[in-house]
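Labels run A, B, C, D and E following the written order; every chain starts at residue 1.
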Amino acid sequence: MTDTTEKQGAARSHAEIDDSITSRSEMTALQAAIRTQPFWVFVAIIAIGIVMNFVSDVFLSERNLFNITRNFAFFGIMALGMSAVICTAGIDLSVGSLMGLAGIVAGLVMQAGYGIVFGFLACMATAATVGFVNGVLIAYLRMAPFVVTLGMLAMARSIAMVVSNNKMIYEFGPDQDLFEWIGGESVIGVPNPVWVLIILTAVFWWVWRYSIWGRWVIAIGGNAHAAKLAGIPVERVVVSVYMLSSLCAGLAAFLMVGWFGSVTNALGLTYELNVIAASVIGGANLMGGVVYAVGAPIGAALMELIRNSLLLAGIDALWQQFFVGLFLILAVLLEQIRNRGRQ
Amino acid sequence: QDYTFALVPKAMNNPFFDLARDGCNKAQEELPDVTCEYIGPGEHTEMEQIQIVQDLISKGVDGIAVAPSNAPAMAKALKAAADAGIPVMTWDSDLLEEDKALRSTYVGTKNYDIGVNLAELTMERHPDGGTICLQTGGAAAANHNERLLGIRETLSGETLGTPPGDPLSGQGGWTEISGCPLITDDDGNKAVQGMTDILSANPDLTAFVSTGAFTQWFDNAYRQAVEPYKDRMDSGEMSIIVADTLPMQMEQLSDGLSNGQVGQRPFEMGYRAMFIMKDLAEGKDVEDPIFTGLDVCTNANAGDCLAQ
Amino acid sequence: MSLLELDGITKSFGAIHALQGIDLTVAAGEAVGLMGDNGAGKSTLMKIIAGNFPPTGGRLRIEGQEVHFHKPLDARENGIEIVYQDLALCDNLTAAANVFLGRELKKSFGPIRYLDYRNMYRRAGELFGELKSETRPRDLVRQMSGGQRQAVAIARTRLSDPKLVLMDEPTAAISVRQVAEVLALIERLKETGHAVILVSHRMPDVFAVCDRVAVLRRGAKVADKHIGETSPEEVTGLITGAIEHA
Amino acid sequence: MTDTTEKQGAARSHAEIDDSITSRSEMTALQAAIRTQPFWVFVAIIAIGIVMNFVSDVFLSERNLFNITRNFAFFGIMALGMSAVICTAGIDLSVGSLMGLAGIVAGLVMQAGYGIVFGFLACMATAATVGFVNGVLIAYLRMAPFVVTLGMLAMARSIAMVVSNNKMIYEFGPDQDLFEWIGGESVIGVPNPVWVLIILTAVFWWVWRYSIWGRWVIAIGGNAHAAKLAGIPVERVVVSVYMLSSLCAGLAAFLMVGWFGSVTNALGLTYELNVIAASVIGGANLMGGVVYAVGAPIGAALMELIRNSLLLAGIDALWQQFFVGLFLILAVLLEQIRNRGRQ
Amino acid sequence: MSLLELDGITKSFGAIHALQGIDLTVAAGEAVGLMGDNGAGKSTLMKIIAGNFPPTGGRLRIEGQEVHFHKPLDARENGIEIVYQDLALCDNLTAAANVFLGRELKKSFGPIRYLDYRNMYRRAGELFGELKSETRPRDLVRQMSGGQRQAVAIARTRLSDPKLVLMDEPTAAISVRQVAEVLALIERLKETGHAVILVSHRMPDVFAVCDRVAVLRRGAKVADKHIGETSPEEVTGLITGAIEHA
């Protein structure tokens, strides 16, 4: 039925195809980007920007851009950490309360005259502790992240109340000026918190793409059981993820208090939903296994942009929230429609 | 006989109410037989406040002073206190007219008057009127709505019905710009951001008036936001006028970064509430209502406008 | 001395007694076929050897040394690799990423170590090639066909040089061509002194490569014979229960 | 190797075992119950109750029990609906805002003199509409439930502000007394909202156990793809689930407004997290596929009980939230520890 | 007239061309074996016939009538039942619940209809018995062994009286005993005038029950022959590409 030459021919072509199969990359980087949610949210941002440019001439003013970028920088920083948590199919509701606690701790330490380095270290140590507790309860005691971090939400806020004795702190000791400079000023026209966000986003981009830890986090989100079987120290990685999220919140609190120039234990109240929303809008999937570094700042930017635009456009105050909700849905819908068309 | 009196604020995370707590504690020191129990919802939620009052009644405290978030609902809960023979008074904000029989007295200010004073400060600086943006707390907050009505009725010189009244569109020379009143949900961050955006979107705004301290809570952020407009404020082209007289607010006023403050006296409310309740518990008659007065501060009298 | 010795392994899941006192030995260079009806307990036994969960009772010895595996990594560090029946892959990663999961290849840039994509793709491609599987290293596992997924799971065992390879129905989903490759692989493993336990429902495969065949029925071992001393018919009878014992 | 009798013997015993296998129930109902989270949360509730009985003699007073049960009834009702949503691996953040909107609509309709029947219908129709929109966006447009319902959270609250024109409503027309009776009074000593909760819990118990719809919801939560392949109208079921959650929130709003005797558009502010927490404490799993009817009231009861107990025990106000969080975590931990022991 | 006619079916997933113009007919009472290497496109073709997703191009005819399936239910209503390769089970439900998923048995109490657990357990038990599978109807699928799960998937096709049964590697995970039962089942289906498409990598099974065998290679049909006219060796060659065409 076949002769030898034919067989060899087939075999050769087969080997070639095998090779082409092995080295084949399905898509160019651009094609891949176009399929992601952050890309389409970014498109929505550009669209809003163009429209706003006609609606209000102050929209593109330096001052307004300065304000917008600084406002979303804090949420962007927290969303970077939150994205990691969400990537493991977890959730961290305690970030808002933690901001209050970490901010108060930083404030108290500096008020007591210890200087900014100690203030920063105390702030981050507080955050790390809270994240560690969250992580241990979730990873080792197998508790639902929602319950653990909700409990922590209440506890952290309460501790913040107790240690601050419910008072406002607005004297930050010897380094007050440096502290307020870090949070409130800018370098070459870009607010410092935005620099922090930019650097962190770059770091996270590298982490998700090139680091082993990042790979493990994504694997855990895809199939925690399989990751465990593959020898990944799942528990330890999960703890580190919750600590990371807390550290991001602590950092945001430090910058924010510096900007505000004062701190109450109400700092960060109800921010958790905004941070989670920024992550989800930026493409994170609450079922886990998906993460984009650029998603966090893009998601946070969209939320802030909507808020700012509605105000500049002079929308009736009672209606503003309506449009916030509407545009939120529309921005994410864009990607859905595009992807349905593709299928 | 020892007394335990409960002082229930609207929310415990608001520095305003902390001052009331401090007053309450001072009274406790002065009255050896009185214990002050300061307890309220962590955040501003109507239902939790009602639950707390219910629990206090169950627990059997000797008197309750409450700043109701939702007046009609609180009135229903307070009926149980009457049944249990627990004396009740209100502070900071009052029950509705028809429910007033349920409480013995009210100690505090008329929120409406705060609005009137805010408006008068504004009109003093800008007799010809102009454009104005108002900033308020929670959308449905009754006290803020009354202040808004006070501002609007004073500026326009007209009667505008139920709080918060309708936005001004030229009455008395004042026009509210679109996008206002700004709703802050008592969030300082939102308040500053909202003010920043409004000021940059409306460079020739005449007056920015806030019915709550949240705008100025965050000292550094507020200063940064207002700094670019300081020249206009100094020259009298523009004004920022804010309710309350917390310490950092007074510093901002002294530095010319605000043009007027109208303060209540929460410390006094908390302090006097304890004495009133002791009288009530001992069966004495008390005045109704008791107003604690307002402090009205301008750049000129910033140093010595506060009582005490 | 045998490489692996199981001694009275039992395992209960609540009311279900999946394994009831299993003894089994495997020597280096030997392939043991493990057969049995569905639900007989084969996968449960494999998972216990792989450190997936501890046995309810019984002892495990490796090279005469009693071992207690608390996690899968313990088993791997003792030189045991496994192909799980349910494959245990992360759907959201590429084929190459799954092959190297937990053992990523790294490059260094100063003190910073990062993923060596290039080499991982290349190595994974080679491994798939060895198995004659048309699996693209860059494809997401989610999008792959059943056999391609199985190839990924098999490729994972090829990364290290284990003493014992456990294969839980490694050929269930793969095509004739690759079946031959997997069997050849088992032969090569034996030749180089590795031990293999092969769980399979395919009689011919077991008889082709295994030296011994053990049969489980309802959690108990009912036979353990050299291939030469038994026949497919007998094994079938043992599996179904038509033959009680052998 | 074998003879015929042996073969037959084996065959017979085999058939017998087959039969025993088919009809075997793994556990008794009690054994099954002991493995569930609601059971252990219930144990925690009993434990708190016993402790509180010693701490405070008013704890078991009729008035306190009356208050406690009524307080958690509203959350329990909402948590019943939320559990269904969570069972499909979804989430509904809009319930709190929806309460505000539905309450305002009911209030406006009754204030206009239309009577309680119309008020109720308007309230439920509003809720159904919101749930329908949520459901359609999630089921047909495949949007993330978190984003959709977060958008709806903002939109519903905004609409409530607009239609109420930011005013409080406390006159409910001709049926005011009946309305306030329904929400605020009791029948044979049990508050009316509690009756509603009891009846709804019984209905949901039946639904999850015996109804086809319930079975489908659970299947969707387990594997939506498989459910779709099995011919279940997944989209329609998902829409119905979100409508159900909204209807529960609408019902709770109706009862709560009746109890309050007034309504502002702030009704239900931030309740969403409490409701979700009640469901999760009651055993719902945010990954989907798990639901208990009794879980919702038990979860809501635990949260209310903790709050009430701390106040009666006279815990310092600043510390109270701390213990709320702590006990929340401990109550759920109980079940975890017990189940780890079993494994 | 054939029961099912496929006419130039193609399917692309982005850059991957999984199927390239497949023609295939199946008559009533006929069993067609579909073979091919891993990733050849067999499952993709099955899923298209079952209404899982639409083809990129080509036409589907049932009893001469062109059909367009928008959802799996459409295919079922046209008398097509399928055993998916990945089984498509709900892990959190019992075996019986999975068998009856979407077609629950009901009882009535007045106007209220509710699940008839008793009958579902009984029927499911019977179906597993027919397949000689030791599967407990009350067990959660999550806890079941690979073969038990497959039995559940197969049992699902037995609920209705379909015209065409698609089986995508139905015997991959099940033991010798049940394999015989599944093959016997296919024989019975043929006798009663049903059509069957059997996807399998097991040459003997295909040659035992199928009337025709079609071979896919890289998305194209390279052979479609009567069993009598071909041999396992030829089919193997066709699958691997050693034989180009037949």
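Basically, a contact is a pair of C-beta atoms (placed from the backbone, for glycine too) under 8 Å apart; a residue touches a chain by one contact, two chains touch by 3 or more.
These numbers come from a predicted model, not from an experiment.
S.K.: What is the chain whose Cα centroid lies farthest from the Cα centroid of chain C?
M.R.: B
S.K.: Just grab the chain with the largest centre-to-centre distance to chain A, centres being mean Cα coordinates.
M.R.: Taking each chain's C-alpha mean as its centre, the farthest from chain A is E.
S.K.: Just how far, in Å, is the C-alpha centre of chain D from the one of chain C?
M.R.: 45
S.K.: Counting in whole Å, what is the centre-to-centre distance of chain B and chain C, each centre being its mean C-alpha position?
M.R.: Between these chains, centre-to-centre, one finds 72 Å.
S.K.: Starting from the mean Cα coordinates of chain D and chain E, work out the distance between those two points in Å.
M.R.: Taking the mean C-alpha position of each chain, the two centres sit 40 Å apart.
S.K.: Note the residues in chain C that touch 2 or more other chains, in rising order.
M.R.: Chain C, residues with two or more chain partners: 16, 134-135.
S.K.: Among the residues of chain D, pick out those that touch two or more other chains and give their numbers.
M.R.: Within chain D, the residues that touch at least two other chains are 26, 157, 161, 166, 270, 318, 320-321.
S.K.: Among all residues of chain B, which ones touch two or more of the remaining chains?
M.R.: Those would be 12, 42-43, 139.
S.K.: Note which residues of chain C are touching chain E in the complex, please.
M.R.: Touch residues, chain C against chain E: 13, 16, 35-40, 43, 85-86, 133-135, 143-148, 150-151, 169, 172-179, 201-203, 236, 239-240.
S.K.: Could you please specify the touching residues of chain D with respect to chain B in the complex?
M.R.: 56, 58, 61, 63-64, 67, 71, 74, 157, 161, 164, 166-168, 170, 180, 184, 256, 259-262, 264-267, 269-270, 304, 307-308, 311-312, 314, 317-318, 320-321
S.K.: Contact residues on chain D for chain A in the complex?
M.R.: Residues in contact with chain A: 89, 91, 93, 137, 141-144, 146-148, 150-159, 161-162, 165-166, 270, 273, 276-277, 280-281, 285-287, 318-326, 328-329, 332-333, 336-337, 340.
S.K.: With touch defined as at the start, can you tell me which chain C residues reach chain A in the complex?
M.R.: Those in contact with chain A are residues 50, 52, 71-73, 76, 84, 88-93, 97, 101-104, 106, 113-115, 121, 125, 128-129, 134-139, 156.
S.K.: Can you tell me which positions in chain D touch chain E when the two form their complex?
M.R.: 17-18, 21-26, 206, 209-212, 215-216, 218-219, 221-223, 225-233, 289-290
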